[in-house]
Structures are given as structure tokens and as C-alpha cells.
Amino acid sequence: MKVAAYRKAHFNAAHRLYNPAWSEEKNQEVFGKCNNPNYHGHNYDLEVKVVGDIDPETGYVIDLKILKDLIEEEVENRFDHKNLNLDTEEFRNLNPTAENICVVIWQRLRAKLDPRYDLQVRLYETPRNYVEYPA
Amino acid sequence: MKVAAYRKAHFNAAHRLYNPAWSEEKNQEVFGKCNNPNYHGHNYDLEVKVVGDIDPETGYVIDLKILKDLIEEEVENRFDHKNLNLDTEEFRNLNPTAENICVVIWQRLRAKLDPRYDLQVRLYETPRNYVEYPA
Amino acid sequence: MKVAAYRKAHFNAAHRLYNPAWSEEKNQEVFGKCNNPNYHGHNYDLEVKVVGDIDPETGYVIDLKILKDLIEEEVENRFDHKNLNLDTEEFRNLNPTAENICVVIWQRLRAKLDPRYDLQVRLYETPRNYVEYPA
Amino acid sequence: MKVAAYRKAHFNAAHRLYNPAWSEEKNQEVFGKCNNPNYHGHNYDLEVKVVGDIDPETGYVIDLKILKDLIEEEVENRFDHKNLNLDTEEFRNLNPTAENICVVIWQRLRAKLDPRYDLQVRLYETPRNYVEYPA
Amino acid sequence: MKVAAYRKAHFNAAHRLYNPAWSEEKNQEVFGKCNNPNYHGHNYDLEVKVVGDIDPETGYVIDLKILKDLIEEEVENRFDHKNLNLDTEEFRNLNPTAENICVVIWQRLRAKLDPRYDLQVRLYETPRNYVEYPA
Amino acid sequence: MKVAAYRKAHFNAAHRLYNPAWSEEKNQEVFGKCNNPNYHGHNYDLEVKVVGDIDPETGYVIDLKILKDLIEEEVENRFDHKNLNLDTEEFRNLNPTAENICVVIWQRLRAKLDPRYDLQVRLYETPRNYVEYPA
């Protein structure tokens, strides 16, 4: 009798899409305006899904205040109002596409979340473009 | 060739989170302000997912007017503008967390829905906190 | 060159609509299911509009972090997870309709906001029903 | 390490629900006001989900600009501002229910999408009624 | 001490933009794909704003259930699931642009609403295109 | 008989809040994390309101396709996927707060819009923080 509990969060960040192994022309061709060397930015919206059993004593799958604090510590404090390419270790050598950001967030949360829970992360880069891991 | 059909609904209710087997201190520690003895409340948003085959005569998985009426009868008429702890049988002895409300709604709909359909219920307690059953 | 700056906030509360000067029958007739003596509840969404000149040094009408803190202190800390009828002084003798809650919030913010600003408050009781003061 | 990438789109169309094998009475009984012979219409919202591996060179599952162009070509250009019953080949002999429209869109995209990707389509007929294929 | 009370509603309809005094070419040039002779359609979202004093006995500007019923009678029952050009008297000789629909709805509500209230109507044709009367 | 017509648009940009006349300490104290020297970013949502009379021949206040193209030319093409501080002339010497961006957008549109129309611009920096000019 598995139940999923979801918590939404958000952070605002700058980024640039860029592959250092490629020429400027190839970067421009593939990433277009996302390749602006001066960066652009987004309001990232995050949905974190945690799956587990209902604890009969609390009626909770997980206390969402605890999940909220975990997201704050592992995601918001690190990425909010940051330049992902310049200000974070994770994306110094990893292209900060929505896909890669989503997997990195999943890895950070997974490392701290009790292994009895399943975890999935959805990340909105814009209201029309978003990704989910694992699929 | 299974298709899912979804219908949204909503109800407004008061509730209090509380475990009668615990001391006041423990209830306060675990449930915090959700343990207010005078209750607080929410606009609950509900998404009901029904999975089945497309009926070749109607082009419907299920007539959504029928699903709407079922939700009205089994959920809205029972829970809307109610105090879940005091006014409903279901939560007299069951803590009305989002998880438990979601499972109860699923059980009520499951009992009335044709067994050829699969059923899943998502319940938003707030726009940032929501649950889903089965996961 | 007046500019408006807006900040959204929210709180979850229980309430009951009731006029003690009326009979039970009249209360039921006018307030219907909102008159449930055991209370029901809502996720109230709040939009606070502050109008003023742009400060040439900051580029701000008002620092929205200051407005956020003011709303937290004057509204969220007082009303969130409360029973408006039982837990607040403001609605002990004032019917907690959306209109009255909106005016009370306006009065509380107005008393603390620098008089050089104009102030307007919009309060959503549900996504479909909301009020605004002053009109 | 499969990741899902989503793209939203929309189109506005007129339609009528109708089964030519049935009497007028039966059509009216089953489809009600959706059977208006002069048509009615909707703002259809579409969510297209593509599942695949992250390309290590781009950091993308799929370039969402390419997915956007594919949706424009296969869906928007064909269905936007059209009468689905009269102006499209697909629904000349197929009842344009949300379910059937969703499956047709899935088939059109599937035919053009690289087979290494999994594909799912969600279609909102209204904000409260929507369908998904495959379930 | 005027307060505004708002109620949202919606209806789904087909329409065509067309000026019978113009040539086909001119209609096509001005109205483009909105001029499709077979019609297209929309989910129209409506926001009705009523301004008045708070009644000290009820705490209401207006009972929103009464406003809801008025909108149902004057707007939804007439326009929902209709072809505005063919099925309604109002738009037989009036081009059903969002602007004209909005004014017609205002006129219908104004005729039935107590003159002590001010009235404003906002109509969304799509989430990105909407109009308001009076401005 | 003035009617308002609205059009929404959006752009994604990086920015930094900073007053060059101030010390680093003062900038940090006033602008906090918005003062990150490496920039952060937002999905800016824009609502443009144009007020005028309904043209009796078209039924339009303004052709929203024309307004859409004007916003694209004057706002989106200039600011989308840009660093407002580095890539735009307007904010080289003007702090790119939401208030200042909103006024700049109003000025750009006002210069191109027929003087018979009134114009107002609302700019969302986040879903919870937004501004409007003129107030």
C-alpha cells in the first residue's frame, strides 16, 4: 500500500549551455541563444516525489516539513540566486541543462534520504519545458 | 491500448492532526501547528485517474459526467464544508493526514467503480504539498 | 511616476459564517454549508499591492523582503493554521467572511506601512471566489 | 539512467461528439450538449513526454526546440483553429473525443520520432477533464 | 468603504470572426485563421467583479452563490457548448470577438444586477489573450 | 465605452542588483543574494494592457497579433536569453530591478503604440513578486 508524497520548491539561477570540447560555431548551432556567454536565467520549479508506506502512528509517508528542510539544505541553499556554471561545483564541468540539473538534485537528495523511500524529481526550467528523473 | 481519463474536483474542509495514543507534548512535537485543537482548514484539490480501453462506440474510456457525479456523491457531498475529525465517520478514529484522506477517497471510489478500470487518486492539501495513491 | 509592487502570501485556516443575532434557521438559510457549527476551512491566498515612487538609489518601490516580513508578522503568524472564530481576537465578534478578513488584513498592514505608500489587499478564499479592498 | 523531457503546446479547435450509427435520440442521450450539431470548442493543452538517455555531449535527452517544431508541424498546423470534424481527415470518421484526439496525436508524433525514444501524450480538453496515452 | 467581490466561471464555445460587409480576401487578411468558415473554439474563462459596501448583517458585499447562479443563468446556460455565431441571438449580427462577447456579458449581467453595485467583466479567450469591460 | 485588451508574453534573463555608488557592504546589505556578482536569473512574465474603443468594423480594440509582434520586437528580441546588466543598453547604468525593467518596457512599447491607446505593463519576476506601471 505505497503512497507518494510530493513537495514543491523553487530557486532562481543563471546559467549558460556550452560544451568546451566544441568550437564556438558548433556551440552556437546546437545551443543557440542558450549559449549566451554572459548567461541568462530561469525560475526553476522543483517537484520532489517520495514513495513509501504510511506510518500508522503519524499517518504520514514522510513529514513534509522534514522533506522541505532537506530540499532547502540540499538544493535551495546551494543553487538559489547562483550562477550555476560559476558558483557551483556540480556544474563546473557538467553542462547545466535541465536534465543534468535534475539528475544532480536527485543524487543530492538520494544521498540524504532514508533508503526505504523511492525518490523522483521533476524540474521545470520554464512552464513549457521540464524534465523528470528517473523516467 | 489503455488510455487514462482524469477528472478534477475539490472540497473545503477543516481538520486537526492528532494521535490520541500520544501525550500532548508528543502531538505538538510531531504535528506542530497542524495539531491546533480548534482545527484549521484547506481547499483540497482532487485528481481522479481512471484507466481503461476506449469504447469504440463512444470514443470514451469513461463518460466523465458519470465520473464527476460519482466524485460528487462519494467525496464532495461527504467532505465539502465539513470538519473531517468531527463530521465524518471515516476520520473519527483515523488521523486525517493528506495520505489517509487520499486512501479513503480511493477506497470509496473503488467500491463504486466498475472493476474493469484501474484507479488512482491524487490529493492536493496545498499547492505545494500533495499525495497520490496508489504510488 | 507611481509604480505598484505586489507580494503574494498564503495561510490555511478554519472558519464558520454565523450571525449570533439571528436564529439557527436564518443562519442556515443565509450561510448554508458555510454555517457548519464544527467549522470548515480554506487555503487563503493573499496579494498585497503597495504603490509608491521608485527610489532612485535602490530601484525599488519597497524592498519586497520587508513587505514579505511584514505580511508574515501581521497576517501569517496570526492566522495560519488557526480557527479564525475561536483563535483570533479580530473575528471573535466579526463574521469571518472573505470581505471582513480582507479589510482586517488591510487595517493591520496599513497601521504598520509607511503612510507614503498606497495599499490594496486581494484575498482568495477559493480559486473562484475572491475579494479586494479598497475596491 | 532514463530521463523524461516534456514540452507543452496548445491549439484551439471546434468539434462535435456524434456516432453516425446511432439515432439522434441516442446521440443526445450519450453526448448531451457535446452533440450540438453546430459544434462547440476548446483550448486544447498538450503535454508531450519523451523518454531517453541523456546525450553526454549535449546534456539533452532531446533538443526541445526540435520537439517544439515537431509538435508544431504534426499537431498545431493541422488542428489549430480548425473544426476537427469537418477540416481534418483524421476525424472525418472518428469521433473527436479527447481520448481519440490524444491517440491520433500520439500516432502522428510516434511516426516521426526517433524509435529510441518512448513517447506519451497528455491532452487537456478543459482544465478539469484530460486524458493520457499510453496510460 | 467599498469592497470588490469576484466570481470566476467558464464556458466552451465555437465561433468565427467575420465581417459580412467585407470581401473574403479582406476577412482573411484581417482575421486570418480566426476566419475559418467551419469555426474553431475556445474554453472561455470569465471573472465577474461586483463592487459595493459590506452588508453589516452578513459580512458580504453580495452572496457569491447568488452571483454564481446569475452567471449560470445569464451566461453559461446561453453560451456553453454553443456556436456563438449560429446558436445565439446576440452574435447573429455582431462579430463574436472577445471584446464584443465581454460587453454582451456585461450588459446581460448589468440588466439583472442590483443598481447599487458596480460591475466589471474580464473574459479570457486563451490564457494569453483577454479583455476587460469597462476598462 | 472603453475596453481593455491584454496580451501575455515572457522572456528569460540573467541580472544582478547593484548600485555602483555604494560600497560592497552596502550593496550586500540592501540587495542580499540578488547582488551575486556572477548574476542569477528569472523567467519574466509580462502582461501588457491596451485600453481603447472597440473598432466597429473589426470588433477589436487592437489586433492582438499586432500587439504580440510589437512585444516580440520591442521586448522579447531585446531581453530574452540576455544578461540585462551586460547585454542591454537600457540597464548598463540603470539597476535592473523589476520596477525599472517594467518602466523601460512601458517606455519602449509606448513609443511605438498609437497614442489613442492607454498602456499599462505588469511584470512578474517570480510568481510571488511582481510590479505594475503606471500604478
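Every chain is named by a letter (A, B, C, D, E and F) in the order it is written, and numbering of its residues begins at 1.
Note that in this section contacts are C-beta pairs under 8 Å (C-beta built on N, C-alpha and C of every residue); 3 or more make two chains touch, one makes a residue touch a chain.
None of the values given here were measured: they were computed from a predicted structure.
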Partner chains shared by chain C and chain F (touch criterion as defined above): E
Chain pair repeating C-F, as identified from A-F, D-E or E-F when over half of the contact pairs by residue number coincide: E-F
Interface sides of chain A and chain F: same vs different residues, half threshold: same
Approximate Å spacing (C-alpha centroids) for the pair chain B, chain D: 29
Distance from the mean Cα position of chain C to that of chain A, given in whole angstrom: 34
Multi-partner residues of chain C (each touching 2 or more other chains): 127
Touching pairs - complete list by chain label: A-B, A-D, A-F, B-C, B-D, C-E, C-F, D-E, E-F
Contacting residues of chain A [partner chain D, same complex]: 17, 19, 21, 30-32, 94-100, 102-103, 127-135
Interfacial residue positions of chain E with respect to chain C in the complex: 1-9, 51, 54, 57-61, 63-65, 118
Chain C - residues contacting chain B, complex: 10, 12-15, 33-34, 36, 38-43, 80-83, 86-87, 126-127
